[in-house]
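Scroll down for the structure; my scribbles are underneath it.
Think of it as A, B, C and D in the order they're written, each chain with its own count starting at 1.
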Amino acid sequence: MSILVDESTRVVVQGITGREGAFHTKQMLDYGTVVAAGVTPGKGDREVDGVPVFNTVKQAVEAQGVNVSCIFVPPPFAADAIIDSAAAGLDLIVCITEGIPVLDMVKVAGFLKNKKSVLIGPNCPGIISPGKTKVGIMPGPIHKPGTMAVISRSGTLTYEVVDQLTETGLGQSTCIGIGGDPIIGSTFIDHLKRFKEDPETEGVVLIGEIGGTAEEEAADYIREEFNKPVIAFIAGQAAPPGRRMGHAGAIISGGQGKAEDKIKALLAAGITVALNLGDLGATVQEVMEKS
Amino acid sequence: MSILVDESTRVVVQGITGREGAFHTKQMLDYGTVVAAGVTPGKGDREVDGVPVFNTVKQAVEAQGVNVSCIFVPPPFAADAIIDSAAAGLDLIVCITEGIPVLDMVKVAGFLKNKKSVLIGPNCPGIISPGKTKVGIMPGPIHKPGTMAVISRSGTLTYEVVDQLTETGLGQSTCIGIGGDPIIGSTFIDHLKRFKEDPETEGVVLIGEIGGTAEEEAADYIREEFNKPVIAFIAGQAAPPGRRMGHAGAIISGGQGKAEDKIKALLAAGITVALNLGDLGATVQEVMEKS
Amino acid sequence: MKLHEYQAKDIFGKSGIPIPNGQVVTAVDQVNRATQIISGPPWVVKAQVHAGGRGKGGGVKVVHYPYEVVTATESLLGKHLVTPQTGPEGVIVNQVLIEEGVEISHEYYLSMVVDRTTACPTMIFSQAGGMEIEEVAASSSELILKEHIDPAVGWMMHNARNLLYSQVPPPPFGALRALMSVMANVYKIFMTLDCTLLEINPLVLTKDLKVFALDAKVTIDDNALFRQKELLLLDDPREKDPLELMAEKYHLNYIRLDGNIGAMVNGAGLAMATMDVIKMAGAEPANFLDVGGGASEDMITKGVEIILKDRRVKAILINIFGGILRCDILAKGVVAAAKKNRIRVPLIVRLEGTNVKEGREILKNSELEFLVAKDLGEAASLVSKQVSS
Amino acid sequence: MKLHEYQAKDIFGKSGIPIPNGQVVTAVDQVNRATQIISGPPWVVKAQVHAGGRGKGGGVKVVHYPYEVVTATESLLGKHLVTPQTGPEGVIVNQVLIEEGVEISHEYYLSMVVDRTTACPTMIFSQAGGMEIEEVAASSSELILKEHIDPAVGWMMHNARNLLYSQVPPPPFGALRALMSVMANVYKIFMTLDCTLLEINPLVLTKDLKVFALDAKVTIDDNALFRQKELLLLDDPREKDPLELMAEKYHLNYIRLDGNIGAMVNGAGLAMATMDVIKMAGAEPANFLDVGGGASEDMITKGVEIILKDRRVKAILINIFGGILRCDILAKGVVAAAKKNRIRVPLIVRLEGTNVKEGREILKNSELEFLVAKDLGEAASLVSKQVSS
């Protein structure tokens, strides 16, 4: 009924004593997430909202058996935090931090190649399995348990989409923001593979944007291997080339990454593409009713 | 009847125009090895003993379909050569070169972690499947096809052992010199796993020496998982601590790596250990007759 | 952050990548001295602007007499240069680079970027130098060679050899060493200075097999500037749009575009999608503005002000999906902006999410005139109406 | 290649690892000046020798008056220092390091090596500083913490935190930053200088939370010296056995041991196994000598000469399994050595492998007196006979 996170998820918040970390720890606790530990080096003696704080991820694992990390540490230290969690053997690492240098992420990606840890993000809202747990910063109340999966490169745009789904009565199995940076830990395809195996997920909403070729690669994968309905939306049709549209990864460069190419690839793979964001909820409903 | 190399093996010799490379290319050809290509940057237009020379491994792969490399390039360039071959997708890389800096091998080991290529060596005599092919520098004539496997950290010591085996009438399936350096591409255990699956291998001679804990780890593996007779010999019982006995890896340091500890571990795992090198052939014969 | 050609070449020179002798001038009276120092004829006079396509815009002149260096400089310095990558108004040239001419026997293309799919720094090399690489990619992609570098092991000689020996024919033997050295240095600079792009086009070979970087494009990762403090000194704010500069000061993500509908949104993806909505409605967005997840009331106020400063703006669409950014904060910021500035254009507001009720209340109780859109569809039709009216 | 303490500390100091002020003296008349420069009392006077266990051998003296610095230096300089790691004859002290005394509040152990199993540089940290780490490992291994460093990402702060916060109790908060900085610098030096061992024992904390490396052991990878040319200047050949130095010159792998049976073998593994054979036969090897795979006739000659220079040698065993090294080359080299030097001890020769017939023929036709062993068993019994006779 969900992938990667559910009721059994035990979260450690890295950077829990910071402003963002503390705020969202409370939000996650309110949603019902089991936040079992926090980590802030040098502050391993206090509590945040009743959550014990440790100096290292290793200690949090040993004392609290956490298996998922949620990272709020500032950009200069975020790569260290990710690698720390991976070295400590966590199953899933959700990195919210925006603004990590690209070459730091190159390092992280290299390190993760032969590790079991899955990384979501960075520069992402996180992951939520509605009604079970949320690991991230998305507003909980707009979600509703159900059978639609959402994978997105964006934050608020995802909330908009989820809200439309919920409004039209379509609940969600798991929603994942994979992040808006050029180098991210896990891609559309990584999660599509998981949703393929998840019996409760009946369809997927894929939200892309300009920059890179992740949507084209996802289209190839879906055409060849994916067996559930996919509805896509691509942001940035009106974006000019050469400019970074907010997200570090959202840039059309060297003729690559245009919204129209992505839409073309998705359509060619037989995927329904909603061209207007306002229509997305209705489009999804239509496709799912037909299938 | 052999592991890793056989009649289908197509070898590329890296550093083929050097003194050692040219000499052993001839020796391998004489043994019947298919040396299909050589590589020496900047000399990609000549031939050595009828073997075409290329500028890059990539070109040798494309033109000649080589799948195994044998490296004779000098130590400062050897790590580059290994990584080059691994990046080009070769199945097996045999590095003869002695004297590669340890930190270069740290890099190589890191690179190989998520690659399919198997590395034998460095600082090793190579691998031979008698009667089929040899990729390395061992004297061919002392070998004889048969059912004994040999895995060794040493060069001439291996020849001595193989000679004794052949003299006592015991042929060999595959003999591998894994190398005398502290960091090597593949270990006793890596090859024991392969010999376990090789139907034609009936027993294994394991030749260790002082330094490290590879023999102790092999003993653990053999006790728990290996199902064929193993006869071991450990060189360096008379070696003093703190001195590097020729091989960069043959040094007793920090109380670790003593011959007596290794012998103890092997005996504890139920492995027959020949204490005197002169008796090894006879010991192997005895064990194999009993089994 | 983009570097100027002369700044990038300065870094190249210090790192061992050969560059032609050159001198930057910021005034015409510096030209004669520069011409004396730099050997010629010929001399090359190059406008120093961040915008690409400079050659096509007349920003590069090859001259053969000292007096021509002066006139060429005069024709550029302080003038507006229009290139395919600037708007029709062009950009002002504040600096000119005067260089010795180099006799070219062959032109290569060499660049480094981070490849997204493999997450590896990747070197791109082509014997079709001097052309726009996009054009080469479109017409003869087989001429473009790529080498992915595993950052765990760094640049190795075989990487260079794979690129060089795959050329047909390979570069002359006598030039290989110099080319390999340039490649190794490109990797080093790229990694050390946190580049996102390092491009040498063309990298030329002279008849006597010398190698020179004739042009240089370097972009630094903005996210890494915290550890590249010296590079910050190379920032040239004159190259930026004044409104974008102002937005930067307030940590607002603002990009000026060519349309007439201003937009203020939280979140980059939603901001792009909002631009798309505007375009679908038959209008053109005047800007991209993401106020971010953690925007304060003051940031919202500044955002509205910046949009208003753009005289082309005929209407403003505020589209907020409240998450971390609460709708009441947004509303307060907008009201504050309206108090300080006369909002001279129609304002369309669409609020949703956290504290939406409070937000709507605040707007309603203010003296602000605005149109409410209850969803994106309605927002689009309101925009459409503004344009057609 | 081993560095002296003072050389290693010099590197530390330049790299930002705090060390006590100190001065090296090579003659007693330099002591007064040194004592004036270095603050004290107390002063610490330390013999600079490569052998470990220096403290136990009386090589480190803490003194409280300037005249004691002189007498302590006198008692060391030019004298033989015997430690648990030297032979009974000890080693000569050529340099003495005079240092300011540091008030110690806590002693840590910190080192870096390359872990063979994981192929990773590995930092070892323990709060049981000042003791031999082998002893700590044997008695309370739980006090020894290891952190494997993935070379792809290098040293990261969480590595330091894992080591520091696992201590019970952790080091005082005020000292954490300094300790983390030492750790980061240790990694940097280790990787930059191609170390195989870098050890600081003890790494001390003073009462006012300052950190100092009180001792320093650094070993450089011999295989990497080709790219560490500056370090070659730090080599101190006086610390080496003269015969080993001579062997080094001829690229022979020779190690002097305490026994009386000389051995010459091709290949390190076979050489070790031959030493074992000698020991099993009831004798003791006088040396390890691997002439290598590619030995020339001249190298063989030199090898025999070096063995003969060791006056303790009572018999020589030559054990060659011809592979690349052909038996005829070996034989010629031995015969040449016999012509130049009187071989005053019995010679046992065992030849096998490539060109064995030719080799045996050459020996037989020479005027050399030698015993032939047809296999290792026979070689052992011949050695045994020589020892008992």
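The rule is short, and it goes like this: a residue touches a chain if its C-beta (ideal position, glycine included) is under 8 Å from a C-beta of that chain, and two chains touch if they have at least 3 such contacts.
No experiment lies behind these values; they were computed from the predicted model shown.
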Other chains in touch with both chain B and chain C: A, D
Of A-C and A-D, whichever chain pair has more C-beta contact pairs: A-C
Distance from the mean Cα position of chain D to that of chain B, given in whole angstrom: 28
Inter-centroid spacing, chain B versus chain A (mean Cα positions, whole Å): 46
Chain centre separation (chain A, chain D; CA means) in Å: 54
For chain A, residues contacting two or more additional chains: 107, 110
Multi-partner residues of chain C (at least 2 other chains): 150-152
Chain A - residues contacting chain C, complex: 20, 23, 75-76, 99-107, 109-110, 125, 137-139, 142, 152-160, 163, 180, 182-183, 207, 209-210, 212-214, 217, 233, 235-240, 242-243, 245-250, 254-255, 275-279
Of all residues in chain C, those that touch chain B in their complex: 150, 152-153, 156-158, 161-162, 165-166, 170, 173, 176
Chain D-facing residues of chain C, complex: 151-152
Residues of chain C defined as touching chain A within the complex: 85, 114, 116-117, 119-121, 133-134, 137-138, 150-152, 191, 194, 196, 221-224, 226-227, 253, 255, 257, 265-280, 284-285, 288, 290, 293-294, 321-324, 352-354, 375-377, 379-380
List of chain B residues in touch with chain A within their complex: 113-114
